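Below you'll find the structure, written out as structure tokens, and then a few comments.
When the chains are written out, they are named A, B, C, D, E and F in that same order, and each has its own residue count from 1.
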């Protein structure tokens, strides 16, 4: 095997190594990034749903009373 | 005050002067131009309305007679 | 007549000759090409109509019988 | 104070030469013709504006380092006219010509306007002060091709100094076709001839439209390679359109690309309208010769159609011969209009499109001859 | 093994300089401002990306042979900013200004921001480490014009080394106009002044809109040819749009052409954001001076409007004076918004468009003065 | 008479060399493949046409001064392939890959086709008459990347003489993917494996799609700057699209700009199809090696998927490994089609888009390695 071939084999090894290493690191960073982003997004959604939960309970009570009255009236 | 500053002040004066002079002349020319254009346009419109007026009066008479007849017929 | 004029005349003759020759050859090749293309296309259409003809005659017989029956029924 | 003097010495008023002022007026005249008279506005507006810009003193917009100078490299290299030709090719439908190929002869005959003008330019050299070289004469003659990008391409190769005047003349006369052609057409035809109705054109298949540009290119490569840049780019555009599978490219060639190049080409042509180059008797000569070129081309097209009628069974309305000068699609419309005047049921438009596009090929071929014999 | 070492020595990690890393952060900051904060994203996104690309070690994307190097020739020749200016011209409606021409004075007054900044830059030279030449000072001053292509054009001619910082400052402050201007506008006007209702603008005829760009060009050619490239290309675009008969060209200039050039120009400007050029006290000076320029321009516009109110019968709401800095159309919108706060029935938008486009002309004129006195 | 001889000596017939005639036939063959067989027509039509134009004798359309020569500078500088890559980036949706990032490994494995071909090219040197240098071998190997602009970019840097053959091979084999891949895919998988259904991909948020191109760019800058021009322009296009606020620029990059550059690039590549460069045994070698590269890449992708299945809980259908060669989106469609044959309810298209776009990144990385080790 001549010198060029051995250079070629070396390039092959180094090259495939680099490609795999690069894409492996990309997988890692993508996974980390996705988790962070999803964490933030779910936090945001939680905040929004928290906002929903903070509706004054008395309002809910009033509404349910009203609904109750209405139903009774309807039934009578 | 060094020499550069005095050059700077001179540029400032000349510069603002030029800007004002230029835009002032633009105002003058725009006003003149607008007046000329509007004059021509109103002349055109006059000509057109003149054209409208030159419709043969007998035609208008005929039309109004026809309309009159039609209305009477309709009313009867 | 100076030399330049005679060159000009020669260019005119050669030039118009070339233009006519070129476009004449284009006419010939276009005619040949169109004939070949139309021949191929009509062959294709023939093949297609041949395909139409190869519909099983018994099917056609069955259809016409059906149509006949239907008409008689309608008339009665 | 010194600054004010510097500023005053840098005004246009201080530096205007009479020639520049005059050329700016020419520029405004072109804008007027483009905007008010509708003379080929897509080109004459940028050309006129380019003329104005390049004649502003001090600014040097057309000189080395100015934007018009850089844009001009697109003409000097031939790239701009060829790209426009590609776009025009993509917009061209060879259908009517393929349905009636013998109309190609009409497109050939009308090119006599080119070569007659070549002689005319040389003959004009007897006028004192005029001194057209053979190259100049050939560049002027191509105005008779009635095809903008071809004229600009040839002029930029043979006589760049005359480019401005030649381009202006070419586009102006193309816009004037409805005025120049009708009297000639009427003079050379009888009322009966103008009434001739032509047989309905057959439908041309897609296959023929795909093969034609390739065939034209082969013929050009075999016989007249010097016209191959023009014919080749034209055929490329036409093939992109007719093959139907690279619609993205064809649409871009017909729209955004040709629009961008048109703006640049127009401005760059305008930058050649300098006082030194334009304010000469030569320019008057060019304008006169251009009118003659269009007239002779029109006449030859009509006469050719009459000759062909003698030898052919299927009748040809000689009016469509006038469309052979190209000036697409204006000349075809003129033929249609004059035809309708004599016979209100005779629609010649599609019949005239045949010689019309043939004229484009014809003038590209003539350009190749000129470039190879004179260039 | 040798290959692995070669490869390691060719990694960015091995070769990163601190300056490059910092400049890449600046690039990401610009992307953040563009994408998340909506700061002039059409330009700051490509500029930021160009900054990142050109600071990647080894890759040499901004060095000779790299794509950003080639794209930069479009700036060096002035072609890119001028083409963008043409597109902006085609998008500009001079109607409101023509209906009320005296608003041109507001566009003039606001240019004082430019010249005050010029003095400011020279004065800053007392700070040790700062050493602005007259050309540098003029290039920085033009930030006060609040007009991107004008700033890039002038900076590329007078101080290419500062181009990156100047362009970034110009576009950033244009995006910050809704933060910078309102306090100044409120401070300089009384509640009653902000409530002033202006008379309805008259309709402007198409003919006036066609003639105006030509008139502006003539005036520019006569008085200040050094601003003719900028004003000329702007007028060309405006004429293509207002004349209505070259709609294809006008549409292309406003869309595809300006988009393509914007991508290229942004990347090329970004390639000038190198550590050596950007990481200097000068840059801080430029950022500070830019803010001052915008503030002074805004103030002068407002004050000018108040002065004009003393001498004029028809009232002018001084808020529209702030729109004279240009920053089209952001500054006009700001004037409208502040006006509505004081008087919910007072729509100033169209009135503010007059000084707004006048400011574009004003800064192009100022650019011409600077180029002719300092260049 | 002399003129007629001049003209005859200037015909193509007089000057045609056998090589030119043969290359024109190759050009027509490419047009036939593009138009009739639908082989990547957007590129093979301009390439074929460019081959014809540049082999017309005398015309010199591809020589210095000809239009194709000027267009070629866009390749020599790397600008054209990079702009196309930007447009491709703007068209690419990284969603499926972000939903299942481990498919990036499939895109990595398939690049073995590149490096195996590099060795193959060097091994072929035992054939008498073949003499590939290391640069030649690397340029040929990149065909295995199954990505047109990457192949053209690398070939223009490492072996411009082979550019024509390499580009033609790359695009032809991309068009032949539906013929080359299926037998290999079937041979390496069992019916059960082909029936594997994959779990539904999760929705990917817009934020992830914005951050990903920036993250990829950073990683590339840190580790492999030599691939930064390719990866960078790709990421720029992708960011312009995914950020959603510069839609004008993104649309232009995906349409008009990429169309214009595609026409120019195709013609310029075609101009490298000259007899001297193409009619050599080398070309046969390149065509053979290209087929091997695609086959090995396909096989490695499939095998990698099978290996990953051993170590992973969530099943991967090995067919989508074949899409790792890129050849977007053809290879993904092929995987989908073969999958449907075995299991008519199994839609693999979106799953295959992951490795498909990963393959684009993979080959850009491989290109960077080759440029940095061999260039």
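The working rule: a contact is a pair of C-beta atoms (placed from the backbone, for glycine too) under 8 Å apart; a residue touches a chain by one contact, two chains touch by 3 or more.
The model shown is predicted, which means the values in this text are computed figures rather than measured ones.
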{"item": "Interchain contact steps from subunit B to subunit E (minimum; 1 if touching)", "value": "1"}
{"item": "Same-site or different-site touching of subunit E by its copy subunit F, using the half cut", "value": "different"}
{"item": "Result of counting contacting C-beta pairs for D-E and C-F, higher pair", "value": "D-E"}
{"item": "Whole-Å gap between the CA centroids of subunit A and subunit B", "value": "62"}
{"item": "Centre-of-Cα separation between subunit D and subunit B, whole angstrom", "value": "39"}
{"item": "Interchain centroid distance [CA atoms averaged], subunit A/subunit F, Å", "value": "34"}
{"item": "Centre-of-Cα separation between subunit C and subunit A, whole angstrom", "value": "63"}
{"item": "Of all residues in subunit B, the ones touching two or more other chains", "value": "11, 14, 18"}
{"item": "Multi-partner residues of subunit D (at least 2 other chains)", "value": "3, 7, 220, 223-224, 256, 369, 373"}
{"item": "Interchain pairs in contact, sorted by label", "value": "A-E, A-F, B-D, B-E, C-D, C-F, D-E, D-F, E-F"}
{"item": "Residue numbers on subunit D that touch subunit F, as the complex places them", "value": "77-79, 82, 210, 214, 217, 220-226, 228-229, 232-233, 236, 239-240, 243, 245-246, 248-249, 251-253, 256-257, 369, 372-373"}
{"item": "Subunit B to subunit E touching residues, read off their complex", "value": "4-5, 7-9, 11-12, 14-16, 18-27, 29-31, 33-34, 37-38, 40-41"}
{"item": "Interfacial residue positions of subunit D with respect to subunit C in the complex", "value": "98, 101-102, 104-105, 107-108, 111-112, 114-116, 118-119, 122-123, 125, 134, 137-138, 204-205, 207-208, 211-212, 215-216, 219-220, 223-224, 358, 361-362, 365-366, 369-370, 373-374"}
{"item": "Touching residues (chain side subunit B, partner subunit D) in the complex", "value": "10-11, 14, 18"}
{"item": "Residues of subunit D touching subunit B in the complex", "value": "2-4, 7"}
